[in-house]
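Below is the structure I would like to discuss, written out as C-alpha cells.
Here the chain labels run A, B, C, D and E in written order, and each chain numbers its own residues starting at 1.
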Amino acid sequence: MKVVPSRLSEWVRPVTLQQPACAIIEIERVSQVFQTSARKDHLALSDISLTIDEGAFVSILGPSGCGKSTLLYIVGGFVNPSSGAAKMKGQAITGPGPDRGPVFQEFALFPWKTVLGNVMYGPRQQGVRTNEAEAQSRALIEMVGLKGYENFYPKELSGGMKQRVALARTLAYHPEVLLMDEPFGALDAHTRTRLQNDLLNIWERDRKTVLFVTHSVDEAVFLSDKVVMMSKSPGRIRQVIDIDLPRPRRRNELLLDPRYQKYVVDIERMFDESDEAGSPS
Amino acid sequence: MKVVPSRLSEWVRPVTLQQPACAIIEIERVSQVFQTSARKDHLALSDISLTIDEGAFVSILGPSGCGKSTLLYIVGGFVNPSSGAAKMKGQAITGPGPDRGPVFQEFALFPWKTVLGNVMYGPRQQGVRTNEAEAQSRALIEMVGLKGYENFYPKELSGGMKQRVALARTLAYHPEVLLMDEPFGALDAHTRTRLQNDLLNIWERDRKTVLFVTHSVDEAVFLSDKVVMMSKSPGRIRQVIDIDLPRPRRRNELLLDPRYQKYVVDIERMFDESDEAGSPS
Amino acid sequence: MMSRFLSTNILLGVAPIVLVIALWQGLVSFGVAPAVLLPPPGLVFGRLVQQLETWTFQQEIAATVVRLFAGFAIAVVLGVSIGIAAAASPAMNALVRPIVRVLAPLPKVALYPALLLLLGFGHGSKITLVTADALFPILLSTYYGASTVEQKLIWSAMAAGTPRYEILFKVVLPAAMPAILTGCRIGLVISCIVVFLAEMITSTDGLGHALVTAARTFQAVDMFVPLITISLLGLILNALLGAVRSYLLRGFPEA
Amino acid sequence: QQTIRVGWTIPAEESKYWMMRRPAEFPDIGKTYNIEWTQFQGTAPMTQALAAGALDCATQAPLSLANGVVGGNLKAYIVAQHVFEKPGGFSVYWAVMDDSPIKTIADLKGKTVGISVIGGGTQGPFNLLLKQNGVDPAKDIKLVEVGFAVSEDALRQGRVDAVNMNQPFAARAEAKGGTRKLFSLSQAMPNIVHILEACRADFVDKNPDLVKAYVRDITSGMKKALANREETLKVVNEVLKAPIPVLETYLLKDNDFGRDPGAAPNFPAIQKMLDIYADTGMLPKLDVAQFKHATIVAPLQ
Amino acid sequence: MAKRAAPALACIGLLAVWQVASLVLKSDSFPTAIEAIRAIPDILGDRESLINILASLRRMAIGFSIAVLVSMPLGLLMGRSRAVAAFFNPLLMVIYPVPKAALMPIIMLWLGVGDITKTLVIFLGVSLPVIYHSFEGAKAVEEKMLWSGAAMGLSPLQRLVRIVLPAALPEILTGCRTGLVLALITMITSEMIARQSGAGNILFNALDMGQYDTVYAMIIIVGAMGICLDAVFERVRARLVRWSEPQFDLPLSFS
C-alpha cells in the first residue's frame, strides 16, 4: 500500500526543490546478527536497503525491538553490519566521524562533565575557541530550556533534562547528518513541540540531513519528508512513505490539514494491521 | 480553571462506586531540596499536598524536570522529603515496601539476571514456589510481548524491551500500589496501546491503586480517574482534574467521545498557557 | 547540618583508633605483653612528639617521604598509561597481558639485592622497589576500569570528532577514574609498606632504618616511633587521596 | 615426649645441621624429645623471638644476646658455642680491590665501607681497629650495610671501597681473585666468638633434663661433624644448598673458623668481647657469669 | 593462532631481555636466564623442595580464602553504609601501612613463628585490595536497583547479598585478582624472617647463601604459578560476570 495524497504537485516544497536530490547515505542489503549470551544467533536486521537524500528529513517508525537503534549505529559507523554495507557520500562507512552526530536513546552523557562541559565538548573538539564554544553552548542550552542548569552534573538532572542535554551536545558541533534515536521520548508534550520546531528551524537553516527514530506517528509525519516503516523479527523495511506536505510547516496549521490527518491515520492503521510482536528468530 | 463535563452524574463508574473512596496515600506539604555539587540548594518540590484514594488511577503530568520522579520516590519511601510527610493508609512512609511497586524511568533491571530471572525475582522473594513463579513470570513476559526473549540479558535488549521487562518485573509481585514513571515512554504506539489495555485490565481486576507519571495527555486522560498537573521550578501542583469518563474504557470508543477530546484539549491548552520552562531556584 | 554530619563521621572514625590505643594500653597494663616488646602508648606518643622536633628524625621522615612519593608517582604514571594502553589496543594487550601475568606475582624483594648493585644504596634502588610493587595493583585496576567504560560514551566522543588516541585521555581516563583511584589507594598503602621494608633491609637513613637500629638494641619505644609515624603518614596520605578523589569524581553518582 | 623450639640460621652451625638432617644418628631426637626447627634471617630476629617466648633455644651472637639482655629483659644461658676465630684460622676481614689505593686502615678515611650489619657483632672490633688507627668510625667513613652474600659483588661493582668478607663467600671471592685482605678482626682480639647457642633461662629452669639432652646432642653433633668431614660436607650441602666443591675449599679446613671439639663456650673470650662493646659505647658493662648455667653447658656426654 | 602464541612469545621475549641484560651487567648476583632455567629441575626434582612449595601453597590458599570471605562483606558494608565506612576507613588506613615484618616481635609473642603468623601476613596482604575494591564497587551500585530490591521486600541484608554483591561482582573480582597477586608475593615474603618450610624458605636461603641461580629459578617458578593461578581465575571470572562483558569490541582498537 502506498499513500499518495492527491493533487500535491502544485505545492511548493522549498527545501527539496532548492537543491538536487542526491543520495548522501546509502544502506545496501544490511543485515545484523547478534550473538547472545546463550550462544544463539539473533537476527536483528535483515536485508535493509535504504537511500537517504542530502538534506532530507527521514523518520524511522517501527515496533519496539525491531532494530531501529541498531540501524542508526550502523550508519553512525559504531557497529559493523554482519553483511551488507552503509555508505556516506559514496564512501563506505568505516567508523564514526564528526559528519554524523548521534543522539543516543540512553543519552550517554559524560558523567564527569557538567551540562555546559558536555555541550561544549564537541565544539572544543572541533577546534572552536573556548569563548566562542561557550557562547554557542550557552545559547543551545537555553534553547533546550535548561538555562540555569549549566553547572549541574548529569546525575543531578531528571530524565528529560538529560535527554535535552544529549540533544544540545550533538547539535553543538554541527554534524552534517543527525542520527537521532527517540530524542524527544522523555519530554512532555509542550517541551517536545518547542524542540520539534527548533529542530525544524535548524534543519531548514543548515540544510542538515536527519535520520530520526521515533515512536510517535504524529511527530514523524509532522517532521519528515519520508517515513520508513519497519516490521520486526527480524527487522525489515515494510514501507517507505513520502510525506508530501508543504514546508515550512506550522503545527497548528498542519493539525487542521486533512492530508496530514490522513497520513497519520493511514500509518497508524498500517501498524494495526501488522501482526503482533513476534518472537526472536 | 476546573474542567467539569456536563451531565455526568447519571454515568456509572463501576470501580469507584463499588468501594468507598478512602484515602490510601496522603502527601502532606512535601518539599524537597537537593544539594547540588556546586553547593547550592535546589528546590525541586515545593509544598505538595495530594490525596490518593484506594483503587484510584492517578496520573501526573508536568513539564520535564518538574519533580514528578522525585514525588514518586517520596511515595515509594526511597527518598525522605526535606519537609512534610507522605502517609500510606494513615501510617507515615519510612521506607520502601512490597506494597508499593515502582517502575523506574531508567528501568534499573538487574544486569546479571536474564529477562526471566528479573521478572521472577519479586515473586521468589515473596515466597512463591519456583514453578509457580516461573509460570506466572512467563505469562507476564508474554503479555508484554517478549515471548522468546526469556533468556536474554538486559544488555541484549532494546530500550523499549527493557522498559517492558521493568514493567513485568514490578507487576509480577502484585504490589498494592503501582508507582509508574513513564512506563510506556519508550514504546511504539501499537505496543503502548496494547499495554495500556493490559494495565487497565489488571487494575480493574485487582483493584490496584496506580500513581502514573506520563508525558502523554492522551494517555493520562484515557487511563485516569484523576490527572494531577504540575508546574515547574520549583515543582508545584497546579491543578487536579477529575476525569469523569465511563469505565471500562475502550480506546476506539473513547476517541470518538467529545468529552474525552475536550479533556485532552483543555489540558493541553492549560499547559500551553503556562510560561516557558523556568530556571532553577 | 553538613558540618554536623561531618563531625559525626570524624567521631566514628576516631573511635576505633581510640579503641585500638586503649586495647594497646590494656595489653601493657595487664601484662599480656611485656613492656620491652610492647611499650605503653603514652610513652611512645610522648617520644614521638619529642622526636618530631629533632632535626635528625625530620630528616629520616623526609628521606622516607621522598622515596615513597617518587616511587608511588612513577607507579601511577606507568600503571595508568600501560593499563589504558592495554585496554585500548589489542596489540598492546597481547603484549602486556602475559608480561603482567608473569611479573605481577613475583616477590620483588628478592630482586632487591640485584637492584642495590645496579642502582646503589641511595634513593634509586628503593624508589625502584616501591614502583615495582605499587605498579601492578594500579595497572590491574586501570585495565579493568578502562575495559569496562561504557561503549556509548566512547561513541559519543568519537562522533564529536575526537581522534582515537585522544579518546584515551578525554573519555577512557575520566570514565575509568573511579577504578584508577581505587588502584591508587591500594598502591599507596603498598608503597608505604615497601619503602619501609626496603629501608629495613639495607639503608643508612629513613624510618625503616630507624626502626631496625632501635630493634637491634631492643629500644622498644624508639622502635614504635617509626611505626606510628608511617602509620600516621599512611593516614594523612590517604586523606589527601580521598580529597583528590571526591574532587575528581564529583560528577559521578557514587561520589 | 617434649618438644623444644629451636631457631637456627646459616651458615656455620654444623652440629645443628647434623641434628636436623641425620636425626637417626642421635639416640634421643625424635624418641625422648622433639625439636621444632625454625630458620631465621640473622641472629637479631631470633633474640626477639626468644624474648617473645616464641623460641626456647636459638643461635645467638654475643652482641645480639647481650642486647636482648640489656634492652629486652631476656634471661638466657649460653649452653654451647658454634664457631670462633681460632688463631691462624679464618677471621672475618675487610677486603679491597687489588688495584685499590687503600693500603692501610688509615686510608679508609672518606671512603664508603660496607659492613654486614650496622650495629652488629663485628662492628665493635671494627670500631676499635679504626679508632686505633686514627679513623673516627662515626665521622670519617660512610658506612653502608652490605650483607655477606652481596659483599663481593658490591666491591667488584665499585659500590663500596672496602667490604667485610665471611665464609663461604670469602672462599669464593678468593678463588676468583682480584681482591686483597686489608685487615681482619683477629687484629682487634684473638678468639672472637661469632655464634653460640643460647636457651631461655625460664625454659631451662623448667625443663633441665630436656635442655640437657639437647646440649648433649649438640656436643655429639659437633663431634660427628669434626670426625666425618665427608658426611659433614654432604649435610652442609643439603642445608645451605651450596655446591660441595665450594664447601670443599674451606669447610673445616685451616682457612675456616675454629670449632671447639665439645662445642664448649669460651666464656673468657665472650667476656672480652662484651668489654670491647662496652668500650666502644655499644653496650653497658656486662658480666658473662650471668649467662652461665651451673650444669647445663657443653660439653655434655 | 597469533593470539594463542602471544603469551608464550611474551615469556620468551622477557627471558631474552633478561638474558641480554645479565650478559651486559655481568654480575654474580644477577645470573643469566639460562643459568636460572638450568637450576629449575634441581628444585623441582627435589622431594623436599616440592613439600616446601606445597606447604607454601597451602598457606596461601587458606590465607586467600579467609581474606576473601572476611573482606568482601566488610567492603560491601562499608560501601553501602556511610557509618560503617567512616568507622573502618581510618582504622584500616592506620593498620595497613605498617609493614608486618616490623611487627614480627609482637606477632611472634602471641602467634609464635609458625603457620598462623604467615597465614596472617598473607591474609592482610590479600584483604587490602579485596576490601577496597568491594568498597568502591558497592558504592557504585546503581541506587535504583537497590530501590527495586527494597520495594520487593528485600531486607537490608538481603539487598547486600542479592543485589550489591552481584552488581559489584566485576569490581570485587578485580580486587580478588590483585589479591591473588599479593597472595603470591606475601606467601614468599612472609617466609623472609622466620621460616620452617615453604617456597620462600628455598628462595631466601639461596639469597642468604648468594646462590643466585636458585633465587632466580625460584622466581621463575613463582612466576609460572602466577600464570597458572591467573588463568584459572580468568576462567572463573569469565563465567561469573558474563553478563557484564562489553557487547561490542572496544572500538578503540588501533588494529
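Quick notes on this structure:
One rule holds for everything that comes next: a contact is a pair of C-beta atoms (placed from the backbone, for glycine too) under 8 Å apart; a residue touches a chain by one contact, two chains touch by 3 or more.
Chain identities (UniProt): A, B = Nitrate ABC transporter ATP-binding protein; C, E = ABC transporter permease.
Remember, predicted model here, so these are calculated numbers, not experimental data.
Chains making contact with chain D as well as with chain E (ABC transporter permease): C. When the interfaces C-E and B-E are ranked by how many C-beta pairs touch across them, C-E comes first.
The rotation relating chain A to chain B, fitted on Cα atoms, amounts to 180°, rounded to the nearest 5. Each chain gets one centre point, the mean of its Cα atoms, and the points for chain B and chain D are 84 Å apart. In terms of their C-alpha centroids, the spacing between chain C (ABC transporter permease) and chain D amounts to 38 Å. Mean C-alpha position of chain B lies 50 Å from that of chain C (ABC transporter permease).
Residues of chain A found to touch two or more other chains are 37, 78, 95-96, 106, 153.
Counting only residues that touch two or more partner chains, chain E (ABC transporter permease) has 27, 29, 105-106, 109, 142-143, 192, 204, 207, 243-244, 247-248, 251. In chain D, the residues that touch at least two other chains are 48, 51-52, 147, 149-150, 153, 157. The touching residues of chain B, when paired with chain E (ABC transporter permease) in their complex, are 73, 76-78, 95-98, 100-102, 104, 106, 108-113, 121-122, 125-126, 153-156, 169-170, 173, 175. Within the complex formed with chain E (ABC transporter permease), the chain D residues making contact are 5, 7, 10-11, 36-41, 45, 48-49, 51-55, 147-150, 152-153, 156-157, 168-169, 172, 240-242.
Of all residues in chain C (ABC transporter permease), only 8-10, 12-17, 20, 33, 37-38, 87-91, 94-95, 97-99, 101-111, 113-114, 117-118, 133, 136-137, 140-141, 144-145, 147-148, 151, 154-155, 158, 164, 167-168, 172, 178-179, 181-183, 185-186, 189-190, 192-194, 196-197, 200, 208, 211, 215, 223, 226-227, 230-235, 238-239, 252-254 touch chain E (ABC transporter permease) in the complex they form. Taken in their complex, chain E (ABC transporter permease) has these residues touching chain B: 142-145, 147-148, 150-154, 158, 163, 166-167, 169, 241, 243-244, 247.
The part of chain E (ABC transporter permease) that touches chain D in the complex is made up of residues 27-29, 104-106, 108-109, 112-114, 192-196, 201-202, 204-211, 214.
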